[in-house]
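For clarity, chains are labelled A, B, C and D in written order, and residue numbers in each chain start from 1.
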Amino acid sequence: MRLLLAPQLNPATETGWRRTWFDIIYRHDTPPSRNFDLILVVAILASVLVIMFDSVPRFHERHARALYLVEWAFTALFTLEYALRLVVVRRPLRYALSAWGLIDLLSILPTYLSLLLPGSQSLLVVRILRILRLFRILKLTQYVEESGILIRALWRSRRKIFVFLCAIMTVVVIFGALMYLIEGPEHGFTSIPTGMYWAIVTMATVGYGDISPATVPGRFFASILILIGYSVIAVPTGIYTAELASSLREASGMPGHHDARGCPECGLEGHDPDALHCRGCGVRLPAPMG
Amino acid sequence: MRLLLAPQLNPATETGWRRTWFDIIYRHDTPPSRNFDLILVVAILASVLVIMFDSVPRFHERHARALYLVEWAFTALFTLEYALRLVVVRRPLRYALSAWGLIDLLSILPTYLSLLLPGSQSLLVVRILRILRLFRILKLTQYVEESGILIRALWRSRRKIFVFLCAIMTVVVIFGALMYLIEGPEHGFTSIPTGMYWAIVTMATVGYGDISPATVPGRFFASILILIGYSVIAVPTGIYTAELASSLREASGMPGHHDARGCPECGLEGHDPDALHCRGCGVRLPAPMG
Amino acid sequence: MRLLLAPQLNPATETGWRRTWFDIIYRHDTPPSRNFDLILVVAILASVLVIMFDSVPRFHERHARALYLVEWAFTALFTLEYALRLVVVRRPLRYALSAWGLIDLLSILPTYLSLLLPGSQSLLVVRILRILRLFRILKLTQYVEESGILIRALWRSRRKIFVFLCAIMTVVVIFGALMYLIEGPEHGFTSIPTGMYWAIVTMATVGYGDISPATVPGRFFASILILIGYSVIAVPTGIYTAELASSLREASGMPGHHDARGCPECGLEGHDPDALHCRGCGVRLPAPMG
Amino acid sequence: MRLLLAPQLNPATETGWRRTWFDIIYRHDTPPSRNFDLILVVAILASVLVIMFDSVPRFHERHARALYLVEWAFTALFTLEYALRLVVVRRPLRYALSAWGLIDLLSILPTYLSLLLPGSQSLLVVRILRILRLFRILKLTQYVEESGILIRALWRSRRKIFVFLCAIMTVVVIFGALMYLIEGPEHGFTSIPTGMYWAIVTMATVGYGDISPATVPGRFFASILILIGYSVIAVPTGIYTAELASSLREASGMPGHHDARGCPECGLEGHDPDALHCRGCGVRLPAPMG
């Protein structure tokens, strides 16, 4: 069917270098674009690690200057990449306002803002959202099909899990209020929301122990809540396993196809392999490689 | 088969407004009754939120007056609704003594009682049971079938889960007594019931840490108990998953039908779609819509 | 086939009252024997509750005298029952040395020994093993088939679970030693066994928090151990669910039969319905009722 | 097919005793080699137990001399075994550099090094890796097939579990940074890595309680993280169960064969039953017994 396509009139061919960089940044099936993706993954991971270590007081004190320079280097790199992304697509505003465009912006903006608003340590933490950019690249790899199956099964079981969570939340509200009555503020149950926090921590078998029942009736009702949680912990597992099994069955009969083309107009990715036009802005897509 | 039904002689048609309000309150398939349900859900949720925040000391002190007024507004609203429910059914007493009728009463009574018995803060917490009223409305929605499958599977596995809980409780009693012997009161195991509370908290992998073994043999037996709990945590999951799978198989061949008619006599809901008479009081039901 | 049996030459028919009591105690299919079982279940549960409450200091101080008398009443009752059991079987020694006979003895002996050895509080806790006597009666009820399926699936998966536990224990030993090296005694990891106790508590997601890593590398390796535990928590569930499914499939084609006759010679129970002779001592069994 | 094999020209037949000991050490299907394996298993387990107890301060102080002698006895035994292993294979260096050869060396080296570097307690803990030597013997028993099924299912689900762990780690990074912002160092969240440690401990439902949220928004987001963890705890279970079921189906049609021959040249084990040559060094293998 692809043989019947009209000759490729790629709308992004105005200038040579823009076309070249468009292919490098928005395609994922040519050697240069794969290298670009790889460099981006490494840069994102390294920059997230730098943000993490920068938050450790011991590191921050000792290597403050080095961390500062490294962070600016990453910010410069990501700014350059962001600028390139905007330049090589035809409608930069459209890209800038898309979800990926906003995440791109969010991962460089805090560094610049910190110049204007000194002491805004908390603002810098926002840069950790850069990690979300990984998924843009990850979703175009061989893992996309695997995660597709997992997500489809989650999606199918959403209603059952919603009903389940409603029931859980009702139990949480009732036991939270009950323990607030029984144990009271002197044992840490200072309010009903605190009791609900304790009930969630208990039912999900996390059990921090920051708040725990100290009276005999309190421990009795806590034991009942634990046994309820222990009995129903099976429910989401049962739901999910049953749905996953049927998803796997379907998946085995269905070829997993993912397309590596980005729209030259707005940068949207994830088109169907036989799509001729971008599903976001309707522009003609480049022909798929291979 | 419904075509063969005699002409609808609805027993609730005495007066126009009672008929109208009956349809609004007890039916769930007309636009006005759907709006009524929606308002009720919002009011219940808002009122539960108010009770929650009222229990937080900081909120209570600052907004005591506002919270007091809002609570009385909700109580007035629910009282009006309760009165209407009693007025529009033929046998109000029957409705008042049903499970839903009692929950309706319980969610307004504490506020009135607090006028007679000042300082009865704990009484006010009882109002949180209002949250149960949500299920009356929830059970008539599209989620009813989903929860039906989940509950049917739980019901089928009840015997196996009972046997399982018996075995668990025996292990809990024996390890509770054992740890009481080994660790003794100086490490928090002040009695056998306390040891049993610890054993439940441990087996269910909650692990608060408010009581934990401190001696070498105590830690040894605790490790054994943990490994037992870890090995058998699979049992209820296995039981439930197996039963759920067979429930899902049956459900796929069975149309999910839920009936939106309430009995005009006693207000009972949840009749079969082809039921002609209320299964609670035998009175003739209105014809199903659509 | 039972019609072909020779006329019943029951070997326990020497005296009328012994025959009568044998049937009451060791059979479970006649009205008097069912009543006897019921009384025994209630007495065992009540006596276990008394032992539990006796261990609570507050109860013990206030009701010491009453608890003492009640305990002696239960001991007298169980002694009488034990004597009867020995009298009505032909070979009392054989019964006394069987597993059930020893549990019967263990549940009365500590009370008598406490007269000789005053202050032996810990000895009295042994009486809690009375709870095991419940299973003697429970195993003859309708729940026997349910538990049979659960146990058969556990038994089938024993090898896989053994391999799994071996792998877990190796991880526990290595991480226990590693954390002992990294964290050391100053953070609670006082020895390798203590480290192993911590590793078990961590992998099984119990997490008391009595010992927890405090250094950066310690927390890093703890996170890895947690992720290992979180990933493999699925393994026993998977094993058990798969085996349970096949057990359930087989069980549906197989009638569940349980026999209510006890051996008049040695008191052994749980014979096949078509057994003519006791599988323990070879004596002829009474014919099954109905 | 084995009947067609050429007459066995075993390359290890130079001297009688080397041949004899090769068969004892590297084969696992003759009575003497089975006894050798058994002695080795007991020696390894005993020596690991000694290392464990040696780390307990109380034991170390009281039995320091005895533990020292026992440890040297085990080291002598394992050194002798290591020397024999090297002597009886043709290419000792090849064996010495293989994985098993290195583990063999690691389990004796620390004791000798402790003579040169006194006070190197931590070095001695390395000897606990001896426990890994158990798997060399275990993998030739009847359990090999069971563990094979478990591992094959894990291997098949590796991609899905990798995707799952990526998603989990992203949630961990974001919530770790979020809690570092909200709770801050005063409540124990001293850095983003600490927040991530807390998020892992929380999501996996371990919940030590060494760090726990203390502010209202902190508890709110902690509750959300717990509910996320509680909902997705089903995912690896579902993945693994589905894969295990298909592994079990395949395994039932496939005979489990394991070969008990070791290579006379380099000591490599685990050959296919119909292998004529070592897959490691290409030398001709001895014929399988029986």
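What we mean here is this: contacts are C-beta pairs under 8 Å (C-beta built on N, C-alpha and C of every residue); 3 or more make two chains touch, one makes a residue touch a chain.
What you see is a predicted model, and the numbers here were worked out from it, not measured in a lab.
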{"item": "Intersection of contact partners for chain A and chain D", "value": "B, C"}
{"item": "Classification of the chain A:chain B interface as same or different, half of numbers criterion", "value": "different"}
{"item": "Which listed pair, B-D, A-C or A-D, duplicates the contacts of C-D in over half of its pairs", "value": "A-D"}
{"item": "Approximate Å spacing (C-alpha centroids) for the pair chain B, chain D", "value": "49"}
{"item": "Centre distance in Å when chain B and chain C are each reduced to the mean of their C-alpha atoms", "value": "35"}
{"item": "Residues of chain A whose C-beta touches two or more other chains", "value": "193, 196, 205-209, 233, 237, 239, 241"}
{"item": "Complex interface listing, chain C residues touching chain A", "value": "205-209, 237, 241"}
{"item": "Chain C-touching residues of chain B, taken from the complex the two chains share", "value": "159-160, 162-164, 166-167, 170, 173-174, 177, 180-181, 185, 190-193, 196, 202, 205-209, 212, 214, 216, 219-220, 222-223, 226-227, 229-231, 233-235, 237-239, 241-242"}
{"item": "Residues on chain C engaged by chain B in the complex (per definition of touch)", "value": "48, 51-53, 55-57, 122, 125, 128-129, 131-132, 134-135, 138, 143, 146-147, 149-150, 153-154, 161, 165, 193-194, 196-197, 200-201, 203-210, 233, 236-237, 239-241, 244-245, 248"}
